[in-house]
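Per-chain residue numbering starts at 1, and chain names A, B and C are given in the order in which the chains are listed.
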Amino acid sequence: MLVEIRNLRVQFPTATGLSDAVRDVSLTLGQEKLGIVGESGSGKSLTARSIMRLLPGNARISADRLAFDGIDLLRADEATLRKIRGGRAGLIMQDPKYSLNPVMTAGAQIAEAWRVHRGGSRKAAGQAALDLLTQVQIRDPERVARAYPHELSGGMGQRVMIAMMLAPDPELLIADEPTSALDATVQAEILRLIEDLVSRRGMGLILISHDLPLVSHFCDRVAVMYAGRIVEELAANELTRAKHPYTRGLLDCLPSLTHPQARLKVMQRDPSWLT
Amino acid sequence: MTASRVRQTLASVASVPLTLFGLILVTFLIGRAMPIDPVIAIAGDHAPPDVIARVRTELGLDKPLPVQFAIYMGQLLHGNLGNSVMTSHPVTEDIARFFPATLELATVAIIIAILIGVPLGVVAAWRQGSRFDHVVRVVSLAGQSVPVFVLGLVCLLVFYAKLGIAPGTGQIDVAYEGMVPPITGMLVLDAALEGDWDSFWNAGSHLVLPSLVLAYFSMAYITRMTRAFMIESLAGEYIVTARAKGLSATRILWRHAFGNIAVRLVTVLALAYAGLLEGAVITETVFSWPGIGLYLTGSLLNADMNAVLGATLVIGLVYLVLNLLADLAYRLLDPRVR
Amino acid sequence: MTALSTYLSRDWLLSETPSSRTHAAWVRRYRGWLQFRGNGLAMVGLITVIVMIVASLAAPLLAFQDPSAQDLAGRLAPPSAAHWFGTDELGRDIYARILYGGRVTLGMVVAVVLLVAPIGLAVGCIAGYFGGIVDRALMRLTDVFLAFPRLVLALAFVAALKPGITSAVIAIALTAWPPYARLARAETLTVRNTDYIAAVRMTGARSGRIILRHIVPLCVSSVIVRVTLDMSGIILTAAALGFLGMGAQPPLPEWGTMIASSRAYILEQWWVPTIPGIAIFIASLAFNLLGDGMRDVLDPRQR
């Protein structure tokens, strides 16, 4: 197993005591594509970031088991964690406008990721950066390598981000809403690129999204999160057989061209889902 | 560099003459509003009425205010700030003689302030909320609250009078005075250029206390700004990216977080340097440091208006230039489009 | 009576579901107060400021001696039971002079603030609201005043006016207003084009009314933070003017002036100039701590 999570709990201190953001989440992941779906604040990002131990400084994390390729992440020291971060697991975030360093060129940021995990000279790293840019289907890698993030379009920036995370050849890629900040036309291209790279390199993928149909189309398995819990986990092609009322509610409120409805259903939330 | 950036940069340069004009106008008006009649100052209290009238005409004081201002501007363009009553030299000459000492003091002070203040601010931000952060916060708030002249006097009391490890006031011991021919006007530098190492060490030891006092004054500001910028920068998404890349803490802190504030910090440092001019006025008075601050306060006590206005104008000009440099640094060095 | 106690209860003040606009405002204020109270340094600042204000108001009750009564036989005496902080070069009780000096310093601070805040607000709001040529002219004027170091410009003003407390207050005020104008302008620019200002304009309100009733109130909270942080700067500038002989004139017991006149005794009778120095430091630090804490509560963006 690449990733094992058993009873993960993430809490934040507030004025009125600890507040649970992730509650008793259990997941396993092999060389497959897992989608995590849920609304804002459902704990999907925190769950995924726990795997890289990239939570905000004030977060309290605990679990019966949290392991990456057999390594206990809760007991691992900083050096071990740093080898996993970037080296064996990459993270792609939502908006390249904020997630790329604005005062470093795209090339320098990719080369940095390469050198940290693979060593080698500056020159070799620069060459590797150009090669990676080509792999993410950028036509003019020299120009993009010299460009600062604000000079790149959203789609271009996200390609740079992907190239940066692929540099050390990781086994797991976490994509945290990688297309939410992009134009609809670019979204499909980026997703196709990720899918292509993941299957070609045989990586595991965790795709986080609030878009249920997109995730089920794209992944092997889907976990649905609500209020810090996984309420349902099922194979992507069995989505229509979902049992939990929250998943059903999500599916029912989607418009459909083949079965048009006069009025879309509105989700009725049940307080019992919280317990 | 984009066309709009060039235009903005030119606009900020072009606004300088206008501000400068305002600066001159303000000093001119202050000079005309003063209670001392310059005619009596020159002709004497008991001069006969026809002498007073003649001097008044010579000085152009019988003309309307705008004409007087035009004359004043004309003199300024020729580098003429009038004569000082106190030293009986032209004010421009006086300032040229006194200014290098201030430059020397302020430069040493800003270097000390940067070398201590920036790392303190960076580490305080990195360890936000820790004991270290609190200590830094108190130390820098104290630096902003302590009057420079009190700090100077107390330092003289402790390190000169009680402990005897620092020399007294002045730029150099009396025994060494006049030994080094002025080249740049900065005594320590001149002594080094001359190879006069005795004078060098003596002048250098005189520089320690005033520059430390002055450095504490601006270190407080530099530390607080660095800390605030760093806290903002460390909260950026690109820091999460840098951590996700598996970078070391040092590299995240300095290359990524600090790299993002470096340009803004240059602006702050230029402003801090300009702010030192203000601290220098008081520090020089306490330490009898023969710089422009001492010249200014000395002229004030003697109601030597030409000297006061000249020194004020020059300090204002230096301040303006440093502000402009800060602004240009920001526009030219930051790769982001504003 | 019972009604009042419900309003003052903790639950009412921490309610998640306020029942009215006033209620919501009080909940917000109480939460701010709780946050402020949690900041130990800020509380130290607040208490010191309060003690200082009370001590200067009650100076005649607290001081056992007349601050200007000379006793040349007992001059430069070290601290003792009769003279808690010793006596100065004319044998005057330093403790009494410090207390009365607090009145001078705080009085100058209040006077400066009363002059500066309205000027800054007016210039900034007018510049921001009207924009265009008005804005450019007023901001150029602000730039000119910002182009001098504050103390240097204040010195030149005082020299032109005539050394004394009134001149010092005017000079400090003249050099202190530009940052307020900038602040008020920035705040005005953010609200100028909002819908609710447009709505007021459509009801036919005149510019003066819009600025006074709808824009100025929005700028007040950031101006208050700025004022508190500025107080220490005003105290230091006033003291520096006094020290340079350009502010309050002897025999007035102003702290900076006291240091200037006893400076010569620093080596032998160190407490004579040092005690007023400590007073300046404490006053200035207290306002800095208070302002710092208030900024954290009122204006978290500026941290």
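One rule holds in what follows: a residue touches a chain if its C-beta (ideal position, glycine included) is under 8 Å from a C-beta of that chain, and two chains touch if they have at least 3 such contacts.
What you are looking at is a predicted structure, and each value in this text was computed from that prediction instead of being measured.
Undergrad: Hey, what chains does chain A share as contacts with chain C?
TA: B
Undergrad: Using each chain's Cα centroid, which is most distant from the centroid of chain C?
TA: Measuring from the centre of chain C, the most distant chain centre belongs to A.
Undergrad: Which chain pair has the highest count of C-beta pairs that touch?
TA: Max contact pairs: B-C.
Undergrad: Taking the mean of the C-alpha atoms as each chain's centre, how many Å separate chain A from chain B?
TA: Distance between chain centres, rounded to whole Å: 52 Å.
Undergrad: When the C-alpha atoms of chain B and chain C are each averaged to a single point, how far apart are the two points in Å?
TA: Each chain reduced to its C-alpha mean, chain B and chain C end up 25 Å apart.
Undergrad: Applying the document's contact rule, which stretches of chain A touch chain B when the two form their complex?
TA: 52, 54, 78, 82-87, 90-91, 93, 95, 98-104, 112-113, 116-117, 148, 150, 161, 164-165, 168
Undergrad: Note which residues of chain B are touching chain C in the complex, please.
TA: 15, 18-19, 22-23, 25-27, 30-31, 33-35, 134, 137-138, 141-142, 144-150, 153-154, 156-157, 161, 228, 231, 274-275, 277-278, 281-282, 285, 296-297, 300-301, 303, 305, 308-309, 311-312, 315-316, 319-320, 323
Undergrad: Quick check: in the complex, which residue numbers of chain C touch chain B?
TA: 41, 140-141, 143-145, 147-153, 155-157, 159-162, 232, 236, 239-240, 243-246, 256, 259, 263, 266-267, 270, 273-274, 277-278, 280-281, 284-285, 288-289, 292, 303
Undergrad: Going by the contact rule at the top, pick out the chain B residues touching chain A in the complex.
TA: Those in contact with chain A are residues 236-238, 240-249, 255-256, 259-260, 262-263, 334-337.
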